[in-house]
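Two complexes come next, and they have one chain in common, chain A, joined by chain B in the first and chain C in the second.
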Partner chain A sequence: MNAIKQKDLILYSGLIILGLAAPYLFSAFKVQLTYLCVLIVLAMTWNLQGGEMGYNSFGNILFYGLGMYLTASVQVGMFFPLAEWTESGGEKTFVHTTSQYFQGIGVGLLVAAIIPTIVAGAIGYAILGLRGHYFAICTLGLGIAAGEIAGGIEIIGAGQGFTTPPFPAEIVDPEARGKFFYFLSFFVLVVAFVFVKYIYGSRFRLILNAIRDNEDKAEAMGIQTMKYKIVGWMCSAFFCGLAGGIMGGLIGYIDSTDVAFDGREMGVFMVLMAILGGKGTLWGPIIGATLFHFFKEGLWTFILGWQYVALGVLIVVIVVYFPEGLMGWLREKYPERFGEVIDEKDRKSQVELK
Partner chain B sequence: MDFLIFKAPMLMVQASLDGILLGILFALIAYGMALQWGVMNIINIAQGDLVILGGYIAYTMYLAGIHPAWGVIVSPIIMFFVGWALYKLVINKVVDRDLFISILATFGIAIVFQQLMNFIFGADVVVAQSEYGTTMLFDNSVTLPNSKIFSAFISVLYAIGLVIYMKKSRLGRAIRATAQNARAAKILGVDTEKVYAATFGINAALCGIAGALISITLTLHPYVGLPYTVRSFMIVIVAGLGNLPAVAVSGMGLGLFEEFADYILGTEFRIGAVFMLLVFILVYRRFKLSKKREYLK
Partner chain C sequence: MNKLVKIFTIFISAITITLASISSSFAKVEGEYIVLGSAISLTGKYSSNGVHTQNGYNMAVERINNMGGVTVGGKSYKFEIIYYDDESNPKRAAQLAERLIKQDGVHYMLGPYSSGLTKAIAPVTEKYKIPMVEANGASRSLFTKGYKYLFAVLSPANQYLEVAIDLAVEKNGGKPVRIAQAFEQDAFSQDVRLGILDAAKRTGSEIIIDDKLPKELNDMAATLAKVKATKPDVLVVSGHTKGALTAIRQISEMKVDVPMLAMTHCDAAKLSKQHGKKSEYALCASQWHKNLSYKDKFFGSGKKYDKDFKKEFGYAPPYQSAESSAALLVFKDAFERANSFDRDKVRDALKTTEMQTFYGNIKFGPGGQNVAKPMILFQVRCKGDACENKVVAPTKWASDKFYHPIPKWSERS
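And now, the complex of A and B:
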């Protein structure tokens, strides 16, 4: 037992050191690394309700986009009139000072985490009463509706988009912006990992799994399933909002359907990454997201223009041929590594029965 | 209320007529979705993209100098084989699996279709000119493009034809038997694999007809497929599987809703309103069922 703990300790400290050193080691890839952190956070928290709870949502992009718009709006609205800012578009009539920028993004991220959580809680009772594919389609509709509606609202830039405040010009170090966003996202990643890891060891996860395996029975056992489903979705929404806020600042420009409520990219990515790595495992989404990111960054440039075709084919191939994901495959191959003991005699007798 | 539509009653007539004619078209797409959902238990997210592809077939004929209305005959034939091929390539592997898998797989297909159409036909909004002219009603205050009347007429014609085919023909009976109980049908000698392929093909053909009609009445764009999927999904959950009159009525209802939403909320919120209606219908049904301690299955 102790030995395992020690192994874990080495692993985690190694990963944290790697994470902290990464922007210095791979200085040119800071933006990609930030993306990776955000993708891992999204996949991990999607897995919480998609994999563990069995409620496959296509609409977590709703919280992501909401967080993105909220962060930017708060960041601007705290110091300047929001309507004039969006009206001026690309031309900067207002300039944030350094302290204003960081205050703004701090408060903005806080709001971006809290409001989507509240929204998830508020709509959760209605939406989570749907089961299976009805839930999937309903959330898909929600995500797209949000994008279409945001594209019609004037104060956040409507169709022409919303430019987020640029990084303060007083900081002359050209590396500072990349580092700031990297460490921010890395911090969120660590928090998310600790949180998910905690949930994996708790009774809460068992309840979520019970809901996934048989909701009626779980309810019959006296679990208030609705309550737990809502909390599960709120956990997802919290981190989705944060991730969206960071991405908004990093990209620097928010468009309603192409950046914020980007169901065609981010919305599918988070589902795909979790499935690629293996739904319902702690490390699956992390490995899935990393693999996917490397695949995407490595291949996207070679097949420029064809990337969506590749993405579509990838989805079909993964879903049709590897629905259990990488971890599921490993688990089937090396069950003893996952703490599953196979009784050889029992297995043989089962084979004979067939 | 300060909306234009309430000040001018003729606009109301206009919106209603537009909505009903449009709704018949939606009902045709929804009928295809109900068919494959009922028979194969698959929700096809790529439904709308099949529609758009069918539309582009008619548009290609228009570019080649053939009148696009012939598309309603050519497009379903081509689309039938597209659907058949799609079934053989992907769908047959997800048919008896979890519904979520079929949703995701067809989502992938939808992305591939969108992108390929974007490459082949370009990202512009296009329309095939039918040059059918317009009919003026009520002292020229209501304009009705003849192409819309034509499309509604063709939709009804095909729908009636399909219903008769499903009732009378051998394949139609096999499809209905498979929908009732696939296993029993198999035992009694129905080649269910072939029935599934044919069902998917017929669905794609229906999409092809609808697409050809859309190419002359509305506009085509590679990325507008998903709203058609959502519309047909919505019509099916309201009408139920295999209830054709209800599909027609709820299709027209949806068309009316859209036209009025267009006037009242503004065109920029039209698609948003469709998706919000989907959420609203699902939530409404969920609350209605939860009173009986049931849920949508």
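And now, the complex of A and C:
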């Protein structure tokens, strides 16, 4: 037992060192690495309710977009009149000082984590009574509706979009912005991982699994499934909000349907990544997100114009050949490496029975 | 678990090696090539206009390279462009700009298509002090941000249809008009809307319908039903290529009678070709028209550009292509005047640009917008079944008289 823990320790410290050194080792790739961190956070937390609880949500993009708008709005609104900032797409320009910028984004991210969590609780209360496909379709509508609504609210720029505050000009190092957003996203990634890992060792996960495997039985066992379903979704929303806030600052321009409530891309990607890696596993979404990001960044430019066709093919391949994801596939091939003991006698007798 | 750790270790080292091996940067000027970078919409909702933009860039690169290239420090260089597909998505565009600059080592950028994407890219180029000449981001707010490295060869979006309202008031005997308007939810179209609001205020006109339409505009029947009921004097529609096509399709299907129809993107949508007589009398804002009398030594006149472009790509160039070609002429001119590849020297040279191209005069204002070129309006007119865009305003270039009011559908054959 101790030996395994030591191995884990080496793995984790290795990953953290790699994570901390990455922006220096691959200086030119900072933005892509930041994206990777955010994608992993999204996939990992989607997996909490999509993989563990069995409630496939396409609505997590709602919390992501909400977090994005909230961070930017708070960052601006704390120091300047928000309406004037966004009027005619930033007709008037105010400049944040260095301390204002960081204070703003700090408070903004805090708000971006809390409010989506509350919203998830409220919406969850209303719609988590739906099961299976009905829940999935209902959440599909959430992101689309939010995008259209946000596109009509003047104070956050409406159709003009919202230009987020530029990185303070007093910091002259052009690399500083990239580093700041990378470390911010890496920090969120670490927190999210620790949190998810903690959940994996807790009774909470077993309850979520029970809901996934048979909700009626879980209820019959005396579990208040509704309560746990809502809490499970709120956990996802918390990190989605944070991820959105970071992305908003990084991209620098928020558009209602293409950047914030981007269900067509981010909303689908987070599900795809989790499924690619293997939903319902700790490492699956992480591996899935990493592979997906590499596929996207590496290959897409070589197949200009056809990348979405390639993506479609990829989805088909995943669903047909790896329905359980890469981790699930590995697990089936090498069950003993995942600590599963197979009783040969039992297996044989089952084969004979068939 | 043991093996699992091994798998991860191998996986991570594989990533590390791949990344490290492709981490090398290229130079801004490679051998005899000056490398420009551009994220362009080859897929997604702006794909047709993205291709118009790309064709414009390519045509100019070929022409300039064939006619001696760019002379800097007594040596002749050729242009080369690295393209990426931004998928009509601002998020992707910002990321690609970063990639062009940091990984491909691009030091000079050409703009993407549409205001929204330019808005997303400008902060990046600004951060790395990369001069960007853009030809398709017209939103006014781009030019009020104090960007120092952004230069646009076009007139700001709010000027697109302001003139049309003035024209309507003039035709109405100087009396205010009633305006119905519908705009797509995007940075450019919303800026056109602001221009109309200004014009309405100035002329005391009343806006009776003010609709926002979704992106990927495929249906505006609800707005048109209201127009039918309220009978405004002018109907203004803007929503890129799809907006123009949808408007004409549904106006003719629903037989909506309105005395004046003002739009954007008619030539990019090839309205006169696609919808023929149905699009007749539509009034369109344009940055450029082939009949204008500007000239330069690379493309000759607008008419010649039109002919050459048709030969090369098989369709008449919309203004999006013309302005994109002009962007490269501006770059060439700036490189030669700067006589250097120093980014700040090139920027300073761009700042003092004052030239005539086949597309129009180009001189940059303090915000980076082109202040030397007016917008023009043309009207689709048909002879038999052949329809053409005829310039009707400003009067200096007008080849035809503005036809007003549009005859009712019941009277049209």
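The criterion applied here is as follows: the second predicted complex is superposed on the first by the 349 of 354 C-alpha atoms of A that agree within 3 Å, B and C clash if a C-alpha of one lies under 4 Å from a C-alpha of the other, contacts with A are read in each partner's own complex, and residues count from 1 in each chain.
Here, a residue touches a chain if its C-beta (ideal position, glycine included) is under 8 Å from a C-beta of that chain, and two chains touch if they have at least 3 such contacts.
Note that the structure is predicted; figures quoted are calculated from it, not measured.
*Asks:* Figure out whether A:29 sits in contact with chain B (first) or chain C (second), or with both, or with neither.
*Replies:* It touches chain C, and chain B stays clear.
*Asks:* I'd like to know which partner A:294 touches here: chain B for first, chain C for second, both or neither.
*Replies:* In the superposition, A:294 contacts chain C only.
*Asks:* Looking at the overlay, does A:15 come into contact with chain B only (first), chain C only (second), both, or neither?
*Replies:* second
*Asks:* Let me test your reading of the model: by the given contact rule, A:252 touches which partner, first (chain B), second (chain C), both or neither?
*Replies:* Once the two structures are laid over each other on A, A:252 reaches chain C alone.
*Asks:* Considering only the touch criterion stated at the top, classify A:335 as touching first (chain B), second (chain C), both, or neither.
*Replies:* Neither partner.
*Asks:* Tell me which of chain B and chain C touches more residues of chain A.
*Replies:* Ranking chain B and chain C by residues of chain A touched puts C first.
*Asks:* Using the superposition on chain A described above, determine whether A:319 touches chain B (first), chain C (second), both, or neither.
*Replies:* first
*Asks:* For A:81, is the partner it touches chain B (first), chain C (second), both, or none of the two (neither)?
*Replies:* After superposition on chain A, A:81 lies in contact with neither partner.
*Asks:* Can A:127 be said to touch chain B (first), chain C (second), both, or neither?
*Replies:* First partner only, chain B.
*Asks:* Using the superposition on chain A described above, determine whether A:262 touches chain B (first), chain C (second), both, or neither.
*Replies:* Only chain C; A:262 stays clear of chain B.
*Asks:* Under the contact definition given at the top, report the residues of chain A touching chain B in one complex and chain C in the other.
*Replies:* In chain A, residues 148, 151-152, 158-159, 305, 308 are touched by chain B and also by chain C.
*Asks:* Give the list of chain C residues in touch with chain A in this complex.
*Replies:* Spelled out, the residues of chain C in touch with chain A are 1-5, 7-9, 11-12, 15-16, 18-20, 23, 25, 42-43, 83-85, 87-91, 94-95, 98-99, 102-103, 116, 119-120, 123-124, 126-129, 139-141, 144-146, 183-187, 189-191, 194, 212, 214-215.
*Asks:* Show me the residue ranges of chain A that touch chain C in the complex, using the header's touch definition.
*Replies:* For this pair, the touching residues of chain A are 4, 7-8, 10-11, 14-15, 18, 25-32, 35, 88-93, 148, 151-152, 158-161, 163, 166-167, 174, 177, 247, 250-253, 255-259, 262, 265, 283, 287, 290, 294, 300-301, 304-305, 307-308, 330, 334, 337-339.
*Asks:* Which of the residues in chain B end up touching chain A in this complex?
*Replies:* Those residues of chain B that touch chain A are 43, 90, 93-94, 97-101, 103-105, 107-116, 119, 226, 230, 233, 237, 266, 268-269, 271-272, 275-276, 278-279, 282-283, 286-287, 290, 295-297.
*Asks:* Flag every residue of chain A that touches chain B in the complex, lowest number first.
*Replies:* Touching chain B from chain A are residues 56, 126-127, 129-134, 136-138, 140-142, 144-145, 148-149, 151-152, 158-159, 264, 268, 271, 275, 305-306, 308-309, 311-316, 319-320, 323.
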